[in-house]
Amino acid sequence: MDKKPQSLGEKDKGSMAKNGTKEMEAESPFYLCSKAHKPDQSIIQIGPVYVGSDELLIIAGPCAVESEVQIHETAAAVKRAGAHVLRGGLFKPRTSPYSFQGLGLEGLNFFVNAAKEHGLLTVTEVMDLTHLDILAQHVDILQVGSRNMQNYPLLKALGALDKPVLLKRGLSSTVEELLAAAEYILVGGNHKVVLCERGIRTFQNHFRFTPDISALPLVHELSHLPIILDPSHCSGRRQWVIPVAKAAIAAGADGLMVEVHPAPDKALSDGPQSLFPHQFQQLMDEMEGLAKALGRKLKRNKGNEKAHHTMPQANL
Amino acid sequence: MDKKPQSLGEKDKGSMAKNGTKEMEAESPFYLCSKAHKPDQSIIQIGPVYVGSDELLIIAGPCAVESEVQIHETAAAVKRAGAHVLRGGLFKPRTSPYSFQGLGLEGLNFFVNAAKEHGLLTVTEVMDLTHLDILAQHVDILQVGSRNMQNYPLLKALGALDKPVLLKRGLSSTVEELLAAAEYILVGGNHKVVLCERGIRTFQNHFRFTPDISALPLVHELSHLPIILDPSHCSGRRQWVIPVAKAAIAAGADGLMVEVHPAPDKALSDGPQSLFPHQFQQLMDEMEGLAKALGRKLKRNKGNEKAHHTMPQANL
Amino acid sequence: MDKKPQSLGEKDKGSMAKNGTKEMEAESPFYLCSKAHKPDQSIIQIGPVYVGSDELLIIAGPCAVESEVQIHETAAAVKRAGAHVLRGGLFKPRTSPYSFQGLGLEGLNFFVNAAKEHGLLTVTEVMDLTHLDILAQHVDILQVGSRNMQNYPLLKALGALDKPVLLKRGLSSTVEELLAAAEYILVGGNHKVVLCERGIRTFQNHFRFTPDISALPLVHELSHLPIILDPSHCSGRRQWVIPVAKAAIAAGADGLMVEVHPAPDKALSDGPQSLFPHQFQQLMDEMEGLAKALGRKLKRNKGNEKAHHTMPQANL
Amino acid sequence: MDKKPQSLGEKDKGSMAKNGTKEMEAESPFYLCSKAHKPDQSIIQIGPVYVGSDELLIIAGPCAVESEVQIHETAAAVKRAGAHVLRGGLFKPRTSPYSFQGLGLEGLNFFVNAAKEHGLLTVTEVMDLTHLDILAQHVDILQVGSRNMQNYPLLKALGALDKPVLLKRGLSSTVEELLAAAEYILVGGNHKVVLCERGIRTFQNHFRFTPDISALPLVHELSHLPIILDPSHCSGRRQWVIPVAKAAIAAGADGLMVEVHPAPDKALSDGPQSLFPHQFQQLMDEMEGLAKALGRKLKRNKGNEKAHHTMPQANL
């Protein structure tokens, strides 16, 4: 559990008042995120998992919510394997304006109901301020996507909420820039930030992005925030997801976010990198032994179906 | 909160219905931007300059509007040297939450008045939908910054305006991704898009970013949209701005966006890469002969001061 | 000058005549290395370890052989922890001509004797043809360094030997280029090639190089050659070596090459990235359980000291 | 002309004696190359051109010498357009062992005779020490290729010659590493080094490599050595060669090395990036006016054919 004293909130407000002073800036652009400021690892409770402790958080689900049937099937499959959180995009940032852009708010009910039905928490990407309120009301964790890592108005708005945020690293952001982006959320008063490495853009040309496992020990050295890794987006093809996932955990990741689809070949987005349900089951099975060998724990989600975990407050 | 009119949503759906067909997608994520779709170079009139013709567009000014005096002095200096458009950030996306974030709307009057006073047009960055309406009312050209190149809600909103947009390439975006981002604006009906190369992130470690002059002939081959280059952000230090600016024009850039500050050493942001006024004068002098040798024209802005150019329609 | 026997030139021409056909080239620049050509994983026996099987090869030692005492102390330490092969540079390729360039052939006896004394095999870098013969006579495995990955005269000469080669990936080579470099050795008739990932150059700026764990499943998919990883050169600092080493094994590496020094703070090169002996012991201890959880084996070298393993033929 | 005092040679030897001392190393890995050591620009006479002065050096020719006819036709064409030096590879470092590796020494006579016939100097790549002596006897300038930039035994051997060296930057070398490689040549006593930028490896995927024009002002700031640019290898396709060449000169390059082939579509290597003779003529015509506008001079080679320029000593 996070041992950060309660008085910090006040100190933070003080910092905000002095916002932009030479002293603060000189110290670090990620002062509140730093181990210098808070040596103890932050532990953020997400459903049954204390993220940042020895327990691993497993998020799984499709790239995008495509239909009621699809999201229910996926929720059932990832729950069966023991995942804790259901992912599913409602608003999809797509490079091409002609690509499927997500179901938008139409998919929200499907998504939330599928998760409840199977005792899973939910995470989805919030792309801009327009839908922040409604998503914050219905979804357990708000994701900031890679393309938005430096969308400062969005980060500031998330800083004002009392809601866990999953902040993905930009595809060519340094770790310092990732932490400085997190700082925008913390400085607003919201300390429930989980970072997510998802691969960086390099000259290497087989994987969609190069999984930067160096970010994992580096974040743990510089910051008290937990960090998970998304092996699907960097791999781009499903046969590489499991080895990358294992490497991530071995290098110290606090969890994984994995794309799973009941019929990847028919997926409207990111099909080639989505695992089949049986592959996700295999990943979870292999991860269990690996976690143990590394001194970590993979507590599979065994909650009664239809018993939605309430989302407790993080104890910061 | 977003003030986007309700009708926009419908228009978007219309655009998507028209364009989101499988055939379009198969063809290209930047169909409307492509030479395949429109072989003739687009020429966008910005004040006295037909951007995309043989004429070069010169945008100059400080990184950020810092004070009334600072922006007036800069406007006077860049006009004296013959610039066409005054740049100046009101909302600054800054890596650190503790860095100067810009004067916000307080600086808008200073900025607009300084430009009018000296017969210059204006460009400023719009960071999110919140300030889009007010900026669109008062500023001649709306800039999308590198960090926002793939902020799709913002791009869609700009697509609904009848206003030139300066779209900066993301620091690790490919040229196709840049064109696909422009496509979001064109597909909404706004064809007045000027692209801007500003350096990419590579292993090279002296310049802040590596000026990618390969993007210039490539954009001219793939697309009918004009492209300019920002030599200041990539250089990071003022001694490199002039050589990079010359290289850009030699490689086919349709103009430049240059940071100029009356006292760079006291600048609140980007001081080391800002030219002194006399250096900008030198750049313009040297550019004039260079343009001629390359078959281009640098028509210096000689408009009467206080005679603000009206913003004519783009000639598409 | 090159002592390459005359007959080699003829053999080369023969190989080229046989292989340099249009069809071969069309197929692949790494045909002999490919799974298409040889679906079964190659297993190369190096001392007690069958590299490419479920057994892990552990190479350890200092960046450079610095003195008789230093290499003996290191050999003792790495053997105690169970390493199989002693590394140690005699000729060091150094960016600066003013840096320590290695002891050269003066260090060869120290190196070979230290290894024999402690029942270890030896690997050292061969930088050019000049010293190839003498190194090939006394050292068990010849290493091609990153800077020399595409030194084709050197690769061709190694192809004519019957000697294991450790081929390090160039710091910005693609995996295909690495395999094509290996092909130069295989095409000459030497199939005992072990590849080595050692980090690539990216924009990321904390680690010396970015460990590219994506290369591990990719090589295993494209090629039958084994691949190990060097966690020391990419990390650049010793606190990151163990997490990177674990990630490598988790992602499928067939072994590790680790820098160890009895007094890293006094090392003449690469001190900051060299493990202390007790840290290498810890790495080996942790690796044992990890290997097991992954279905691999770490057979620690328990050979009687002074009983130098003979170098058996590779089992191809 | 280079104003470096004669006594420098002795001072250098002194430095060599102190080779590897803490002071030297602390100062810089490229001390002899630095402006700190020698503030005046080095000017190296290559045939009729004083490289490093306001005069531009133009090297042109095929990637590889393929046949007597091909190299004679190319020599005639590039001389007609005014080039100073004929390039042509005899030993080609090729990624694939199945690609055309060059005619080797068989092509040397063709090459040298074609150049003499048309009053051109010669440059070719030396790949290793084996052929250094014979190439140094017959060729005017020895090229070190990108893959060999850090082949230290080769650099040291070139440092012992009295012969101009064209040193190409490695595809992911920093400018400091390029200068440190040059230092290996200078420290040996050979100061006739011309650097060559040829593109770096980045995520950008249209050009074969990203032409790094930032290297040009940077080299001129850090070092007194001249630097030219090869627009062919970075472009990879001939339609981009001329814009890149212009950008290079505009950014301060001291010359160009351009691939020209009489029938690029039949070239055995690098055909797509080779200019047709009429395109090289166009490049030279356009370059003449551009050079003038930039305060540089393009003195076209008008020497009588068959009157081979003798290679004067550089005046260092």
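First chain written, first letter: the chains are A, B, C and D, and each begins at residue 1.
To be clear about the criterion, a residue touches a chain if its C-beta (ideal position, glycine included) is under 8 Å from a C-beta of that chain, and two chains touch if they have at least 3 such contacts.
These figures come from a predicted structure and were not determined experimentally.
Peer 1: With chain centres defined as mean CA positions, report which chain is farthest from chain B.
Peer 2: Relative to chain B, the chain with the farthest C-alpha centre is C.
Peer 1: Mind checking the centre-to-centre distance between chain A and chain C? Centres are C-alpha means, answer in whole Å.
Peer 2: 37
Peer 1: Round to the nearest whole Å and give the separation of the Cα centres of chain A and chain B.
Peer 2: 34
Peer 1: At least two partner chains per residue is the criterion; list those residues in chain D.
Peer 2: 172, 201-203, 205 - these are the residues of chain D that touch more than one other chain.
Peer 1: Would you identify the shape of the chain contact graph, picking one of line, ring, star, complete or other?
Peer 2: complete
Peer 1: Provide the residue numbers of chain C that touch chain A in the complex, in ascending order.
Peer 2: 172, 174-175, 200, 202-207, 210-218, 221, 234-235, 239-240, 243-244, 246-252, 289-290, 292-294
Peer 1: Provide the residue numbers of chain B that touch chain A in the complex, in ascending order.
Peer 2: 1-2, 4, 16, 19-21, 24-25, 29-31, 93-101, 127-130, 147-148, 150-154, 171-172, 177, 180-181, 183-184, 187, 201
Peer 1: Which bits of chain C are touching chain B when the two form their complex?
Peer 2: 172, 201-203, 205
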